[in-house]
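Shared chain: chain A. Partners: chain B in the first complex, chain C in the second.
Now for the complex of A and B:
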């Protein structure tokens, strides 16, 4: 009862919703990135690794080139993400390695390489994070006119610029996938690559583009972790957010809007875990929530999908 | 009128040495519907793939409007004014009709894909050639007949002058077929050249002006459909080849092993492809099944062997309903199956010959206990199987995919024939394998029969069917169109008439296939 009251107190606090908005972006970037790849029938399992490496590279660039320069860090993060996306495409399409295996390799590489290079490239030979270099943080968006409305103010004011970009990205991706020629081709290739090939569309080219876009979004998500969520890179900074993004993508059936809504739901549980202390619930239990929510979500999704499939088959055999 | 399209001395040899086309000649005029007829594997599809740039000829020329062209990709073929409607639809189900139609040549407005323009383009073609399709409908929601029209519109919108239709009526109902023919005749009037691939002779006769017949990679005939009968075309298609004869004594059929009654099977799109078929397979008899591919045999065999489902009627094996058993249960009853697609269903490609040979025998205590396999007996038995079935290989440890097609088939046959069996279903057992291996397999089949097994032989090789079968059924349009309890006086010409639907036996005669 006490706990419920404490939770209620949290839900009444507008700052909590501001926190939801602030923790969702990396999940959102990851999920949108997975969804554009998924639409081209490429499961970007390596999202987590892409995010880690681009976060790492972005932080170094921001810290070493021109003193703290987070914008440069963002640019480098995005470029590295794009390159890694291309790498996934290259290994799968040219070298014919299974896409899931490429993804697993990317994740292992991400965790290992960043941990390995971290002490080599930091001045104090840091082992856990880039505390010894100043990489800065991307600016916050101040909306002074909101100060008159305390609730909205607590939710929307002083959010990071990249947070805003992440929500804008939902609509950008929806536009790209459903309103542009490229989007049409991505969807066509993903659903029936033979059909696309038969009218002269190169399916491997389209798939490569989709994965590069996916990598760019991964780069944005990775950079968010080290230049907005925190102000430095630390080992395993993404903490499974790439995988959660993948889960959100599959629950949203790779459609940008449902995928984004699922990501925000996961973000809600992340924020809740951050508020754990105030509720008196054990920190560790609250930290489990995002993962438990993911698990439940995926189970519900797959049950729905199996039922749909069963229904479809039943209809077929009736005819 | 001048020939609009000429394919001259086209030769295509596949990497495995199979000659698909051997100096094939084909030509078509502007504004005609030209049929290409031939059995499965005759080389029609290969020829068309070369015309549409999917494959390249090893020798020979393709000339369009007097100009030699090199068609190295579908894009090149489309540019040269060729459109193709594939047998399996090349459509994206979740996209709209208009989106499918303009895929590859998408109109844009600024950054956006211009949907209104796409709809307009689709409507324009539809109006010009009299198609009635809603451009904004989703392809997954429309009927098969409409999907086919979308395919045709898709080719027309790219401005094709030559339209290839690969067995377009295979998936259509009779009404849809009639409608398609009206449409195709309209297209002919507007000056399009249509290449119509089919083995339905009445359709060829009804629709086409010219017919070219291909047999075993050669052009064997070119008629104007005016002056020929369906029987003439059929004779040119089937031909007569003298085959090696396997010696056998007259059959002594005994009890029924499998009884199929009023069987109805639907295909994956829900179309009824096996229509109330009844027959029985008896111990000690080889029953042959002839028929042009795509007349329901595939679905019927899948249903009989437990690989597919059936919607109506019954299939019983030794009194047990096949539907209620899984494949393992069926095999316990004594059903063995040499599948047509041996690379997918017959073997595990990456495993050794030995492992493939005993893969189905793990329940047999001779080969495996509860946990461990019995290595020694497996070794001894596979060695003796390899010897008995004359599999050419170094030893049983060799991975199976390194073997030739014939030897792979011998491994499949060895595994199936050495399992407990009462009914042997063999589907195209000698397709694509060398003469020696084929003869060996045929001899084994006769031997199995003499041991009192029921044998069901499905084959596209009429020589093989005529030689091995004791009685013969013909399947056409999802029905048994003929049953010959005795085939001694049957000629291949006669068989061809039933296969192509020129003739059909009375219900009384067909009912003879079911032995009570």
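Now for the complex of A and C:
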């Protein structure tokens, strides 16, 4: 009972919803990145590794070139993400390595390379995080007119610029996938690459583009971790967010808007685990919730899909 | 993974094997060359660092023991992944199975069920660890069977659920109030049974009896996959699910069996790991051995028979890197880079494909020449 009241208190607090919005972006970027690749029938298992490496490179660029320069860090993070996306495409499409195993290798590389190079490139030979370089954080967006509405103010004001970009990206990706020629091609290749080839679309080219886009979104997500969520890079900073993105993408059937809603749901549980201490629930139990929610979500989604399929078949057979 | 050309299987067998060996050798050579370059780039005394990296486990009995210690858990998880991948089940939940197998089987059984009774505690711990592990991989498996939920996604989630569940249980229920983050200790007699230590002139030699358990598991797994009816069916499901369905195999049950066995082996591995290394439980993060299992399966081409060799190879690199990190301050994570690169080149079908073509042509020409010679003989 006490715990329920404490939870209610958290839910009443507008700052909680602000924190939901602030912890969701890396999940959202990862999920959108996985979904654009998934639409082209490429499971980007390596999202976690891509995020780690681009976060690392972004932080270094931001710290070393022109003092704390987080915008440059963002640019470098995105470029590195795109290159890694291309690398995944290269090994899968040109060298014919199974896409899942390329992803696993990418994750190994991500964890290994960042931890290996970290002490070599930081002035104090840091072993766990880039404490000895100042990489700064991206600016917060101040909305002075919101100050009259305390609730909205607590939720929306002073969010990071990359947070806003992440939510805008939902609509950008939806537009890209459903209203542009490229999007049509990506979906066509994903649905049936032979049919797409037969009308003159190069499936490997389209798949490569989809993976590069996925890498760019991973780069944004990685940079968010080290230039907005925290102000430094540390080993394993993404902490499984790439995998959560993969799960959100799977639940949202790789469609941007359902995928984004699922990511926000995970963000909700992430934020809740940060508030665990105030409720008296063990924070370890709270940390479990996003994953349990995903598990349940995937099951519910799959049941729905199976039922729909059954109905459709029943209708077809009636005809 | 290795797509064999059914038609020319017999004629090309030797060439194919030769080529796959060549590709493996080249991939490993690239990985080791990369390691050498990385060491040269980063070490103050590259010669010394290289010597530690490549020879340390053979120089000193304690490093040698460390090598074996690193190999045992990945033999377990590698074998587990081989069985699941042979049936084409991408269940990635072994991290969780290994962790909880260690927690329930290795630790809790010895603390609460059979305290001070290693004769009961060790076998029961192995059994409980295995059962818990099987349960962990069973959940994603049954969810796929019942609801068609993606095994890959649900098993990834299971890993984190297991991690936070065990951390919660450790800190909130089973923690020894006298310590900051570990359970009550169990009798050190258990550990004395699992390992034997010898003080030799050249360091301490530790003999891990869990290695014997691991090798027995490998033999049973190989026998199961390649010499039993169920194993044959499993491999059919892995090679061609539709074909397996049409010849009347129950694909769903076979997939679940593969994952149950995989989880059991991983959980057993976790229990053995805990019982041979510690006298209390203190894991608060995922061990990484589950992912290593995937690496092992790739190296071993999904055949348990090859797992011990693959595990010894990777463990050798890790032990060397560990010694190098202590002596020369180079991060152990270097081996992960090397592993990733070897995996990519090992699996790349197009890598050295031109050499493969040349080898086939050479073989065919040799054969033709032999036939022509034989024909000439007949005519003559």
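As a working rule, the second predicted complex is superposed on the first by the 301 of 319 C-alpha atoms of A that agree within 3 Å, B and C clash if a C-alpha of one lies under 4 Å from a C-alpha of the other, contacts with A are read in each partner's own complex, and residues count from 1 in each chain.
Note that in this section a contact is a pair of C-beta atoms (placed from the backbone, for glycine too) under 8 Å apart; a residue touches a chain by one contact, two chains touch by 3 or more.
Keep in mind it's a predicted model, so treat the numbers as computed, not measured.
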item	value
First (chain B), second (chain C), both or neither touched by A:6	neither
Which of chain B and chain C A:152 touches, first, second, both or neither	neither
Chain A residues touched by each partner, larger count belonging to chain B or chain C	C
First, second, both or neither for A:196, with chain B first and chain C second	first
First (chain B), second (chain C), both or neither touched by A:299	second
Touched partner set for A:165, first chain B, second chain C, both or neither	neither
Of chain B, residues touching chain A in the complex	73-75, 78, 84, 86, 88-95, 99-100, 103-106, 108, 111-113, 154, 158, 266, 268-271, 309, 311
Chain C-touching residues of chain A, taken from the complex the two chains share	43, 45, 91, 94-98, 100-102, 104-109, 111-113, 115-116, 118-120, 127, 240, 243, 246-247, 250, 282, 284-285, 287-288, 291-292, 294-295, 298-299, 301-303, 305-306
Chain B partner contacts - residues on chain A that touch it in the complex	179-181, 183-185, 187-188, 191-192, 194-201, 315-317, 319
In the complex with chain A, residue positions of chain C that touch it	1, 38, 42, 90, 143, 147-150, 152-154, 156-158, 160-161, 164-165, 167-168, 171-172, 291, 294-295, 298, 329, 331, 333-337, 339-341, 343-344, 347-351
